[in-house]
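These are the structures, in structure tokens.
In what follows, chain A forms one complex with chain B and a second complex with chain C.
For the complex of A and B:
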């Protein structure tokens, strides 16, 4: 219930923020309203950090960890359920934020001014849709990775009886460092994997042109494998190591 | 308990390694490994430091294009160096050099030689139009890099259209020049006709042009000097240095710095974020900038607007001005004898300097304005 209340509060705050900015139409400049709208949205990564930890922390705080650790289910069921809560929140908030951004930009006329721009007409709709979906997917995946690392850091800190907060913060930093190391090593070890390409659009002599942006698949595969490893270790921690 | 001990020991070892790695980290060695943008590769590959494994210079037979309007030479995009100069003979001549790099081994040299046989630059003619085309293998064997350097001589009165990846030098032409440059250094000088340049990430230098100039650059540095016609263009990210222009100047600089000096005509500059310096303009000046610093020397009428930042305006010469200067959420400082109206969040200066023949409108929002005479 705590998370539901907290989520409703944040969603309500976003809606109030949208309504407030809509009330500024005609008073503030359209580009200022549209720009200012995004400022408080930096809360999302912080919310992910907070919620990821709270999803486990409340089990110990409310003494339900006995139940969680003694449930006759595999740890992956519990961890995936908690991740699912996080993913639902991330998707919900991001969709709300994007919808709000769309409404604010449309009502202020900022969106119209972009759409009416002669160069916009030259950008293929198919490319806009693909890149938007790609960007959104990347955002969600990035936030989920952030959540997974935070959950691992919290559970790992439970192995210690003292300085748990410090251990959690250091484990989090260690995981970020490890992701960087994995990406570097992946570039070498999985260098044989085929790269993939994204199309980058530029308008040149009034003509849209695509240039290819090469993305190495080696580092991505290595990071993905490490994340699978972290998730597996999270399950092992919960199932075999962490105590009440 | 054993697993717990193993995990804690592993954690301690990993922490020690991470600490050592973080402490010995050298920012200069940092590079983003995951994403390599092709354009960067192109830029790096355009100037290999070692000699090629294969190099061959070839000449094309000279051609004529029929007299009449619309005589044009088009050069297709070829990675390498492009030089276009004037021909005194009335013929269009071209020669090119094929350069191929491998890993320096014997098999790579054989491969390079085989690839070179498939590389050919040729003319395609259609009445008054001639196109220089490149045929090459669609895909090069892995590890090989191909550059084709072209030298072209064009007679008087012929227009040139070129799209190029790499360094370009175009000089001494009497027709118009239309150049698209992806990356590298582009020099266009001593051209009598109109010059149009569109660049992506490049260093562009345009000088000694008799006709109008139109340059749009996405990123990099743009130098324009000694132009007798009108200058129009934009720089999205980068630096603009523009000087000695006889005609009007209309420019937009998205993010970066712009310096405009010695313009006989009017100057209209639209800036986003950055630094703008304008001096020695004989005509009217209009500047609109979002954020940054603006310093303008004014000899005639001026309409200057800055959304946020600092604006310094110097009245130059013996002219007279009718001044209307407003600062919203800011202030305007001046030693000139102007009437000052102060209200919360707003300062307005107005009055006449000299004969008041020219209009000076100055608006600064959320910043500071300085108005002085020199």
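For the complex of A and C:
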């Protein structure tokens, strides 16, 4: 894809950042190096916003929309392919960032100090793995949702001949607001659905203590339904409404 | 179910398409007869490209209906249409080979042997990146992509645009040699009538989105005692 150069550049920048911080070992404090490492990673949501819109915008800017829209395929083939590109980028970058964080924390000795801490031994490995996967999954899903909303906002703005940028921004804001409304309504409408529980760990006086945290299913189901609706609308827009 | 490579009839039924205050196509009703090469003629802004985009499903009518074999433009009809736009619409970062593989993957009527033959005839190197091709070579590639299929409807929007005179005759020869009247309908828009008039079985003169004149090319020549070029000058002069 044409985004390969851009992705290689970002990946290269992350690697350079890791190497730079590794060169600061012995000069800066370990916790400072580890802390500073995560600061520029806030670019990831911005990259998702940019890339998800660019995946479509470029088609119109370079007139390849003529090819894309004349293909004899349902819109979902195109939208899912573009989401797949986005997911690949998200997973690739997050894994690179996490691996870099691991290396930086290990080389500075920060990771070792945590692992050697007496309380760490009391945390079950199974719990660490589960919560890490849960957190990582949540991060990826959150970024994909951000991308989906941005793509919808862009395609919707193409229905207007003027103020497309403004329409896109307002559509995006409206979608975020709607997600909030859906979550609120979901807790009422789907209140009958069984909730699920996460085990939260606290170490109190050297004793690990697990408590159950209740997570409501209703808002999650409502948001998921709204997202399915937005994705369906995205397909309708692409297949039946937008033009070259 | 109809076979993909049967000849298709394209019908415009009181179609209007506007952009702001401008009516590019204005209450147009016309049937493109199957198995013919139709010359879509008119000056710039006559609505030729809009008409082709409506058939290709890239524009939607404001009112009226466009149908291909009775179906409104959809993924189903897109499988029957090979569309060559006037502008550059190919991914510049792909090589000629890659773009051909990409396009061929979507169309069951793609003919590999025909594509290879046309590629050779057009003098295109499969390893060259599309973005590095000259305008004339990109135009040739577009012809290869459109004519390597056995699509029932082939839409060629100004296929000679930006091509040097020697390449023009090569492109026209390719269109004629690859046209299959038993299974294809070709619609070719142009305002260069002199070079291409020999190709046309039928012509449609479009003026401000309306039919100014239409009919079988030979009949029109005979009845009016004028060439298509002369008729063009008469209608639009």
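Here is the rule we use: the second predicted complex is superposed on the first by the 242 of 244 C-alpha atoms of A that agree within 3 Å, B and C clash if a C-alpha of one lies under 4 Å from a C-alpha of the other, contacts with A are read in each partner's own complex, and residues count from 1 in each chain.
Criterion: contacts are C-beta pairs under 8 Å (C-beta built on N, C-alpha and C of every residue); 3 or more make two chains touch, one makes a residue touch a chain.
This structure is a prediction, so every number in the text was calculated from the model and none was measured.
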(request) Answer with clash or fit: chain B and chain C placed together on chain A by superposition. (result) fit
(message) Looking at A:64 after the superposition, I want to know if it touches chain B, chain C, both of them or none. Which is it: first, second, both, neither?
(response) second
(request) Please determine whether it is chain B or chain C that touches the greater number of chain A residues. (result) B
(message) If we overlay the two complexes on their shared chain A, which of chain B and chain C does A:125 touch? Say first, second, both or neither.
(response) neither
(request) Could you look at A:239 and tell me whether it touches chain B, chain C, both or neither (first, second, both, neither)? (result) second
(message) With both complexes overlaid on chain A, does A:213 touch chain B (first), chain C (second), both or neither?
(response) first
(request) Using the superposition on chain A described above, determine whether A:161 touches chain B (first), chain C (second), both, or neither. (result) second
(request) Check the superposed model and tell me the shortest C-alpha distance between chain B and chain C, rounded to whole Å. (result) 6
(message) Counting contacts the way the document defines them, which residues of chain A are shared by the two interfaces, the one with chain B and the one with chain C?
(response) 240-241
(message) Applying the document's contact rule, which stretches of chain B touch chain A when the two form their complex?
(response) 3-4, 7-8, 11, 14-15, 18, 21-22, 33-39, 41, 163, 180, 198, 200, 218
(message) Quick check: in the complex, which residue numbers of chain C touch chain A?
(response) 20, 53, 56-60, 74-76, 78-79, 81, 83, 85, 87-93, 103, 106-107
(request) Spell out the residues on chain A that touch chain B in their complex, using ranges where they run on. (result) 156, 159-160, 170-171, 173-174, 177-178, 181, 183-184, 187, 200, 202, 204-205, 211-216, 219-220, 236-237, 240-241
(request) Using the touch rule from the top, collect the residues of chain A that touch chain C in their complex. (result) 2, 62-67, 69-74, 161, 239-241, 243-244
